[in-house]
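Across the two complexes that follow, subunit A remains constant while its partner is subunit B and subsequently subunit C.
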Partner chain A sequence: MNQRTWKRELNYSLFIAPALLFYVLFSVYPFLSMFYYSVTDYTVRKITNLSFVGLDNYKHLFGSDLLRTGLKNSILYAVLMTVFQTSLGLVLAVFLDRKLATRNLLRSVFFMPAVFSPLIVGFLWGYLMSTSDYGLINQGLEALGLGKINFLGDKDIALYSIVFTQLWQWTGWAMVIFLANLQSIPKDLYEAADIDGASGWKQFWRVTLPLMQPSVNVVAVTAMIGGLKVFDIILALTDGGPGNATQTIMTAYIKTSFNEGFYNRGAAFGVVFFGIVMAITLIMMRYLSKWGEKIR
Partner chain B sequence: MTTRPYSAKRRLRRYPWILEAILILLAAVVFVPVYYLIVTTFKSPEEAALHPLSLPAGLDFGNYAAAWEAMVYPRVLANTAIVTIASVIGIVVFSAMAAYGLARRSHTLHRAIFYLFLAGLMVPFQMGLVSLYKLINALGLMDSLLAVIFVNIGSGCTIAIFLFHSFIQSSVPLELEESAFMDGCSVPKTFWLIAFPLLKPVIATVAIVSTLNVWNDFMNPLLFLQSREHNVILLEVFRNIGQFSVDWTSLFPMLMLGVAPLMAFYLFMQKYMIKGVAAGALKG
Partner chain C sequence: MRKASITLFVVLMAISMALAGCSGNNGSNLPNGGEGSEKETAEKVKVRLAYWNKEDSVKTLLALIAKKLPDIEVEYQFIDNKQYDNIIATQLAAGSGPDIVSVSPSASTKYAKLGYLQDISALADRYNDAGKNVYSADGKLYAIPGISWFEGIFYNVDIFDQYGLKPPSTFAEELALHKALKDKGIKPQAMGAKSWEPMMKSSMGYVMNEFLAKPENKDFDVQFGQGAKKLADSWVPAVEQWSALIQDGYLNEEMLGIDYDQALDEFATGKAAMWESGPWAMEAIKKKNPNIKVNMFPFYGSQPGPGWLIGGPGVGFAANSKSAHPEAVMKVLDLISTPEGQQAFWNDNKGGSSYLKGVEFEMPAEYEGVKETFKAGNVYAPWNNWGDNAQSLIEEYGKRLQEVLGGSSSVGDALKGTDEKRAELSDLGS
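Let's look at the complex of A and B:
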């Protein structure tokens, strides 16, 4: 190898270096070190001379109401978000793909909540769903002669109320991605289907949906991973309450690690969380690609 | 031949009035919270409780002035802008460079590094927050905007590299670069003069998606910024909302000031933003 080619190779490597450095230092290394901390006695009271404690921290997970509830809620939340964001977004996109006079305006209205910060959306909906005199939704319910609903204070419905606010925020985002996919479907496919006399429904199932597979994959997987990591909106709406009714993986992790100081238990929880995210994502991708093969 | 006019007629015949009416109604309902947020900023608690959806009796900007001062808005806006601009530039430049290096070289090591970046799309790196906190402390970056910027670049570059990489492989012709090399152009020069300008569409996509993510990120500032001089907008909103008062409508201008910059950005750039978000999700 002469000097010039060698220099060229070095240059390419130097190009990769900055991104790799930031990524490894601030994402990969902290993540990997959690595997180590999860088997030590690292807490706020013992930050040096860590000793090995085996699987104690993992055993603790199963006995902890906070962590179990967080896990259960995050999975429920993520599944609900995935199912409804995908289906509602798809319906909106199919309707707004038609030549309506107001469709551009409608699209921008539906998408708008997606540019807001979930934290502020949370505070806003906290006021809207409040049971005090000014809570807009409960005012409406009372005007209709119905009773007040304690959307965020009732442990049986608080999580669903949160899901509702997030569907308000993110369905338009899914719609935009579906619309981009819809616009890439050649129009003559529909003309051919028309000539064959296929009904609107049949065209949707036979022509549209199979070709929508790329965007359905993206929206479903993103909603699932994002749902499992949900944090800001919970903090703003309920802070995990009432009781532990709306704790999620991230709120429980932060509470255990930063508020209670059990870094080791937080780490073990993180490792379990990682396993769950990987398992769910892989199962989903496999299922989605099987679906893709079947309808092709 | 005879079916064609029939089908054209069938498509023309029915304009979906009912569908459009239903969608307009739905959009109006979806818009109510935003409308409520805006009108409530001008109301007193009594007025807002009695006539929640009516237009305000008067346009009193006193609430805004108070919120502006309580949040020290110019400072938090500047901090948020610094964090966002620096993070987005870092993500765009470093990711484009890395994606270029990885797309133009295919040794096993390069492929391994590419998959390491790809893994970041799935792995929940937030779980490393405890170690990250320790690391930021050890680097002496605690309570500095740089901490948030660095962490944003570290997490934002994965999706960006993915987008740049697939674009370079599909749409940046190697021939141009080869002839540049023949003329004695160095790798950095070739990249900046020939490849980088061709990346414009992806740069726009990456910049838009990263701006939304970074501007709206709350967890990193919450963990790494403590003093008020270094607060970003969301931290200041969070701090003030915590002090719940009887005068609850005075908090609405703060929420409004919190979403206003991105809302303005959206109103002027919505076409590009919607395109960018869709492209960021689908290309690749």
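Let's look at the complex of A and C:
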């Protein structure tokens, strides 16, 4: 490496330094600390003179019903959110890319819920789905002669009810991302497909969908990671209940670490959670990039 | 070379500015003297008070502090009860947190042991033992006891009168009352069982009558907290008898989809004839329905008697040992520990009683039905004697009862699960 190249490299490195410093300070260092705490006896009662306890905290993780339920629910939630948010967002985007008189109004209406805080959405849907005499949806069902549905109080359907509210809130956001991508697809490709006699359905599968790959990647990966981290809407709608039926990774993590004071077990869970999110994200990215290569 | 120097300079400036922005220094940490202290004396001292009840529940007290202590500004912070311990414990562990911390007796003991709270024994002589004992550790007072709290069963007097019904005096009569109301097409009881709290308290109300009130069980709670006794060995018969409310459908799975506010709405608007709650709900009930006539009866057991109310010393106000304004905090606590301060606090919590020596308040008409219970001194919250982990234990117990209500667990399993949680929490150490 000659002196000139070395200087150039040094310049670049110096520019990267601030970002790197922040990354180390706020990502790498906390993660390493978390790993360190996960192999100690760090609890709310023992915050100094920590002792090394090996993999005890990890062993406890796999025996804990709460954490197992949290893991199962988070994965189910994330998969449902990824599949439905992506597919419904895509359908909405394709429909609202057409020349409709109410197109702009409808786009705003579908996007609007994404503006609200999940806590407000939780409060709103908590009332709508309530089984009390003031629950609007159940009042409607009863007026139609149907029985009440215990959306948030039945352990078998509470998680699906939460997924529904989140699809209501976030499908519009996915739609906006897809719309931006749709509008960048050259119109002459559709004209060529028309000349070749391709039907609307065929045009969607052969032209639209393959060229939507970049935005599908963004929406699917963010939905998956966001889904695995879900916390606020669970807190607002069910607080992990009934019982522990809707606990997720994050609510179980907060309960173990801060409500109960097992910082060490919480840290072990954080380390395992990091591994799970990384593995799922890598598999997804790999699958999506293969899809991208296939359609090119 | 010049280019490299400029780059180096820019980068160093960016790093130093960023690090300066991250530093925790603020005005309050400045050494005394100079411009900083002049500004400090000219401005009011800001003291943050965090509490799990809404500001309405202390508005008269806050007005009194503003009037009597003009140099102190109390910044009120409401944190929902669901996450209160969580947030406060995290803040205190980080060496921050509110200057005045509202605590329950178990949280007070826990935080005192961890050194988060200031010793405020200077105020101890003003309070009677019943109030200050639960907020003391190792002979030192760590929080001043507020107005006592209690929870019983509110009933709508007009609905009872309309159908010629009377409040019960035993649990069997309570079940018969539920049946009579249900037969007449009235929802007997509203319950926000989406929260783990109401069933936890309701079942303990029965256990207090049937088990804890017996002289031979007077130390049960302390022993359970220490791990010497188990709920599954002692409470099963009582909780199973209480669960008749579930078996007969008066508490049902639908209630798991209803929260506190929605249950309050049902009771206040006359859709349900009874609702388990306490004095803090009265203002909201009257706001929803100013014409409602309300009375209360306690939790009963199988035998007639004065019954029991769930309750005890209310919120404790503690001083954060890391507060930047310890003198201002003590002034506020001192004011609360006067008859005037207690009166102001009681004004928004009518029904409870004060632990300040020589201070007594008249019981409002809404609590006429529990007068005998108070006279007998039957106000108790078992978990106040369960030790430092009480909050996690009552949550576990309540959540397990939600599973019983949902039909996926039995009373025996719920109590066994709570015992297991107690054993697990002992891993935290002492």
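In this section, the second predicted complex is superposed on the first by the 268 of 296 C-alpha atoms of A that agree within 3 Å, B and C clash if a C-alpha of one lies under 4 Å from a C-alpha of the other, contacts with A are read in each partner's own complex, and residues count from 1 in each chain.
Note that in this section a residue touches a chain if its C-beta (ideal position, glycine included) is under 8 Å from a C-beta of that chain, and two chains touch if they have at least 3 such contacts.
Quantities reported herein were computed from a predicted structural model and do not represent experimental measurements.
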{"item": "First (subunit B), second (subunit C), both or neither touched by A:W205", "value": "neither"}
{"item": "Partner chain(s) touched by A:M250 [first = subunit B, second = subunit C, both, neither]", "value": "first"}
{"item": "Which of subunit B and subunit C A:F15 touches, first, second, both or neither", "value": "both"}
{"item": "Partner, of subunit C and subunit B, that touches more residues belonging to subunit A", "value": "B"}
{"item": "Partner chain(s) touched by A:G241 [first = subunit B, second = subunit C, both, neither]", "value": "second"}
{"item": "Which superposed partner A:D154 touches (first subunit B, second subunit C, both, neither)", "value": "second"}
{"item": "Which superposed partner A:V115 touches (first subunit B, second subunit C, both, neither)", "value": "first"}
{"item": "Partner chain(s) touched by A:W6 [first = subunit B, second = subunit C, both, neither]", "value": "neither"}
{"item": "Subunit B versus subunit C as contact partner of A:M129, first or second or both or neither", "value": "second"}
{"item": "Which of subunit B and subunit C A:E260 touches, first, second, both or neither", "value": "second"}
{"item": "Subunit A residues contacted in one complex by subunit B, in the other by subunit C", "value": "11, 14-15, 18, 22, 127, 133-134, 235, 254, 258"}
{"item": "Residues on subunit C engaged by subunit A in the complex (per definition of touch)", "value": "3-4, 7-8, 11, 14-15, 18, 82-83, 85-86, 89-90, 93, 110, 113-114, 187, 190, 193-196, 253-259, 262-263, 265-266, 271, 389, 391-392, 395, 399-400, 402-403, 405-406, 408-409, 425, 427-430"}
{"item": "Complex contacts: residues of subunit A adjacent to subunit B", "value": "8-9, 11-16, 18-20, 22-23, 25-34, 37, 95-96, 98, 100-102, 105-120, 123-125, 127-128, 133-134, 136, 139, 168, 172-173, 176-177, 179-181, 191, 194-195, 214-215, 218-219, 222, 225, 228-229, 231-232, 235-236, 250, 253-254, 257-258, 263, 266-267, 269-271, 273-274, 277-278, 281"}
{"item": "Subunit C-touching residues of subunit A, taken from the complex the two chains share", "value": "7, 10-11, 14-15, 17-18, 21-22, 41, 43-47, 126-127, 129-135, 148, 150-155, 235, 238-245, 254, 258-262"}
{"item": "Complex contacts: residues of subunit B adjacent to subunit A", "value": "3-4, 7, 10-11, 16, 19-20, 23-24, 27, 30-31, 33-34, 36-37, 45, 48-49, 52-53, 90, 94-95, 97-98, 100-102, 104-105, 110, 113, 116-117, 120, 122-133, 135, 150-151, 153-155, 157-158, 161, 181, 186-188, 191, 212, 215-216, 218-219, 223, 234, 237-238, 241, 248, 251, 255, 258-259, 262-263, 265-266, 270, 273-275, 277-279, 281-282"}
